[in-house]
Amino acid sequence: MSFVLVQVIVGGLLLGAVYALFSSGLTLVWGMMNIVNFAHGDFVMLGMYVAYVVYTLLGAGPLIGAPLATLFLATLGVIVYFALIRDIMKGPMLAQILGTFGLALLLRYSVFWWFGANFLSLPQNIVGGTIAAFGLRIEAARLLAGAVALLVTLALHLLLTRTALGSKMLAVAEDATAAQLMGIRPDTMQAIAWAIAAGATGLAGALIATFFYIVPTVGETLAIVAFVTVSLGGFGSVPGALVAGLLIGVIESLSGYLIGAVYKDIVVYALFVSFLWFRPQGLMGKS
Amino acid sequence: MRLKNVLGLVSAAALTLAFTAGASAEDKVVKIGAILPMSGNAASAGIHAKAALEVALDIINNAHPELGNFPLAKNAGLAGLGGAKVEVVFADNQGSPATGQNQALRLITEEKVAALIGAYQSGITLTTSAIAEKYGIPFLTPESVAANLTERGFKWFFRTTPIATDFAKVYTDFLADMKAAGASTESIALVHDNTEYGTSVAGTLTTAFKEKGQNILDISYASNATDVQSQVLQLKEKKPDVVLMISYTSDAILFAKTMQAQDYKPAILLADDAGYSDPSFIKAVGKISQGAFNRSSWSVGPQGSATAVIADLYKKKSGDDMDDTAGREMQGFFVLVDAIDRAGSTEPAKIQAALRATDLKPEQLMMGYKGVKFDDKGQNILASGVIIQLQDGENYVAVWPKANAEKPPALPYKGW
Amino acid sequence: MRRFIWPAVLLALVIVYPLVLSTPFQQRLGALVLLYAIAASAWNIVGGYAGQVSVGHVVFFGCGAYAAMGAYAHFGLPPLVGVPAGMVLAVVIAAVIGVPTLRLSGHYFSMATIAVAELVRLVVTNTDYLGAAVGLSGPTVPRNVFDLSFVSSLPFYYLFLVVLGLTLLITWWVAESRMGFYLRAIKDSERAARSLGAPASRIKLQAYMLSAGLTSVAGAFYAMMVGFVDPESGLGILISVKMLIMAALGGAGLLFGPLVGAAILVPLEELSNSWLGGKGAGLTFVVYGAIIVLIARFQPSGILTLITRRIALITRYIERRTKARELRKQRPAAGADHAA
């Protein structure tokens, strides 16, 4: 019994790391530009399809798929920023929701049109089977995704707190006009932020594709999880998203095992709502 | 410039006139409306169903002597209507009961369809068929299984597919035979999602199994799950003799992957159609689900048989292998068109009467039903299923009942 | 007086619409536009005027829908009973949800409302009394006129028109009242509004409850028209988003904004689906998504502001011309005077 419980918790942590992985990009643009990207789930979906295309064309796994997905999504992020985000950022919050929601549909159904609605998937052992140790069983693909989640969180955190670029980005987030007076170009900084955020999301998609199914509507399933993770962690807080992701993963896994799988989402949402009551700014957000 | 445009319009009009004038009675067209999910979560099923209907159209509208005595195949068009061709107007229900109704209304009043077929999701079939009922247009559902659909006292509603009570019979009989062959079938885990399909089928099966004195372990989960490890661990711990999966494709794929990761193999893995029939499932995780049993009414049959020819045509059309859902869709469409053919008219009341009088024999069907015959409520009382098995991880073969079996059932579940 | 001219024209158009475009599909389309306009207008009170972007309003929509179908399924009552019942339910639930969530600001409020809506959907999906995943249906065959089960959409159309009229009247009255003043102040800056002595929490909660009650009416009528509700169609997050984008597209915080938004989006959705949906290639949503993106990009404050600006131009142009004509008329007369 207790041993199964350990497996449940480990599985929950790995799941949570994945949640954190695909939420980090969302929290970054959210915190920096105060914009909710409703197309975030579809960015993850695009990353998955890049990994799929790389596999079908080159027969290659995430070693090539993940960097390409990162690159592709980063480029897309910059394009989306200059074509849409830069302008709707100045508008009311509703215009932002409108714009990114429209973008979500556009991306989702363009993929649908091109690839069809079939469920796709990468070969089962593309990352290398299951690791069995100490009586625990862990899928290598999930372990890889979890490890990358930690690395991405660390890298983003260091970027924001320890580099000149990060300080500039935060300065723009704090006060774009003041930053401009200091000689920082808000446009460039925000475009970079979008590139990084979308790139991280593409990376997440490519890694999730190694153990999940791929379908145009998959982003819908993932987007709400990302929203909850980001608000629980605190908007803009990358480490917050990691902690929140791990927490949600473990809660889901445990409640799924102990109470019943149909109730696990109920438990997560109920805890989330009641948590906001006590700490409206999230785990690590600024009040 | 403007003159040119006018000239173009006039000549186009003249051409259309010429064409319509040339269209005599033998070119008469019978329009049928098909409402299917072609976007959203169920799009995969809807798009395959569309391909199935297009193949059926090809079979009906063109001569297909290679299909032998299969109804409607031999000659081009409908003999009963002087060789009239059949046309299907497709509409997307977008997974919404309201949109389904809008499209039903449009198909009936603007496209003037003679009958409707659809709508995959039971909730949408419920609302769209209500529109057909109000307008007095026959509505046939080849695939929605909710029990309440035929309990509404509708006069224009028909259903060809087997429903949960039929599934229950298939499972109890099959497991009884397996028990007789030496397998243990005392405890059964029902793993199902909490959609309308999952809960209602699981409910009916629970009652049926309990009547037989079997132990039920109910494991329900929310559909489109992100992770199913907890459920697999529960199974691993409780060790039921039989695991019965009632899941759509997304979750079915995830379960198969997680079962391998957790090294869990039940002695008998039995699936209730849906996700396990989807060719995408077989492509994705067939190799690690070898030996899975599946309830289905479709099996390809021997080379050269009508079903094998149909399977071939379908593969050419859609690029995928024929599965049970697409097959049931196609079968329902054949039943509907057969009724129109016998009615010799596109008048709704005559089609309705012909549907009521339907009495198709197993050899006239492509699906493994015992026939098609509707009761007063519009339910096909001869609908039934067979058990197929994914023995090699690539193709299902019929294994039960003996009369339909191509190979004997192989136990235990092999997995990977 | 002039401020009433355009609303009067609009009203005349709306009354005549189903008689001119009178096929059953067009009439139903019209009824759906009005129905969604009711929901989006109700949302507008709290989302538009007060700037509290709720993405969980589907909960109240669901209250109405479930009350209407539940009244029939459990008590054999006409679903119409669900209108008052759903309203009471929605207002009570709004108070329960509103007290904790309205403390949150900006995106946190939006996210909390999403979470609450999902929570409610999941709970209902697992509640047998509410039909669980199967849902609840209305009367299959109308027993009497109170069941509101018509073949034609025309009765629904005019019914919805009256309800929409009432909703807009209430909205207008709220907007013109002291409450409306406070709501706009809160939208601009809640802190400033508080420091000026506005009872922000109480006002927000009142607006939220009013908005919830009106939203539930839309839900109840929706369920009556469709004759069915299940967790996806009555409590799915997409319905919330639809209310929001209709209001935003037309012009949030403007009286007729949601109506304009619904009048654009509903036909766009249905007609593009009719033309492209049957191809099964997802093109409907490519077109739909692209149009939404373009509007957000080039007209972020909504279509209505664009229209009013155009109308203002036209009105000014007409005024100038009539004035010029009058002047011209006067001038020769004046000249004649001089000659005499």
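Chains here go by letter, A, B and C, matching the order in which they are written, and residues are numbered from 1 within each.
Keep this in mind: a residue touches a chain if its C-beta (ideal position, glycine included) is under 8 Å from a C-beta of that chain, and two chains touch if they have at least 3 such contacts.
Nothing here was measured: the structure is a model prediction, and the numbers come from that model.
**Student:** For this structure, which two chains share the highest number of contact pairs?
**Tutor:** Pair with the most C-beta pairs in contact: A-C.
**Student:** Which chain has its C-alpha centroid at the greatest distance from the C-alpha centroid of subunit C?
**Tutor:** Greatest centre separation from subunit C goes to chain B.
**Student:** When the C-alpha atoms of subunit B and subunit C are each averaged to a single point, how far apart are the two points in Å?
**Tutor:** Taking the average C-alpha coordinate of subunit B and of subunit C, the gap between them is 38 Å.
**Student:** Hey, how far is the Cα centre of subunit A from the one of subunit B, in Å?
**Tutor:** Taking the average C-alpha coordinate of subunit A and of subunit B, the gap between them is 37 Å.
**Student:** Roughly how many whole angstrom separate the Cα centroids of subunit A and subunit C?
**Tutor:** Subunit A and subunit C have C-alpha centres separated by 33 Å.
**Student:** Could you list the positions in subunit C whose residues touch two or more of the other chains?
**Tutor:** Correct list: 122, 125-126, 282, 284-285.
**Student:** Specify, in ascending order, the residues of subunit B that touch 2 or more different other chains.
**Tutor:** Where subunit B meets two or more other chains at a single residue, that happens at 39, 43, 46-47, 194, 222.
**Student:** Out of subunit A, which residues touch more than one other chain, so two or more?
**Tutor:** Counting only residues that touch two or more other chains, subunit A contributes 109, 112, 117, 216, 262, 265.
**Student:** Going by the contact rule set out above, which residues of subunit A touch subunit C in the complex?
**Tutor:** Its residues touching subunit C are 30, 34, 36, 83-84, 87-88, 90-99, 101-110, 112-113, 117, 216, 224, 227-228, 230-231, 235, 262-263, 265-266, 269-270, 272-273, 276-277, 280-282.
**Student:** Which stretch or stretches of subunit C touch subunit B in the complex?
**Tutor:** These residues of subunit C touch subunit B: 23-25, 28-29, 32, 122, 125-126, 132-135, 137, 140-141, 151, 222, 225-228, 230, 232-233, 270, 273-274, 277-280, 282, 284-285.
**Student:** Subunit B touches which residues of subunit A in the complex?
**Tutor:** Interface residues on subunit A, with respect to subunit B: 1, 4, 7-8, 11, 15, 109, 112, 116-121, 124, 130, 132, 137-139, 211-213, 215-217, 220-222, 225, 249, 252-254, 256-257, 260-262, 264-265.
**Student:** Going by the contact rule at the top, pick out the subunit B residues touching subunit C in the complex.
**Tutor:** It is residues 36, 38-39, 43, 46-47, 50, 89-92, 94-99, 101-103, 105-106, 109-110, 122-123, 126-127, 130, 133-135, 146, 148, 152-154, 194-196, 198-200, 222 of subunit B that touch subunit C.
**Student:** Could you pull out which subunit C residues touch subunit A in their complex?
**Tutor:** Listed in rising order, the residues are 47, 51, 53, 55, 100-101, 103-108, 110-112, 114-116, 118-119, 122-123, 125-126, 237, 241, 244-245, 247-249, 252, 281-286, 288-297, 300-301.
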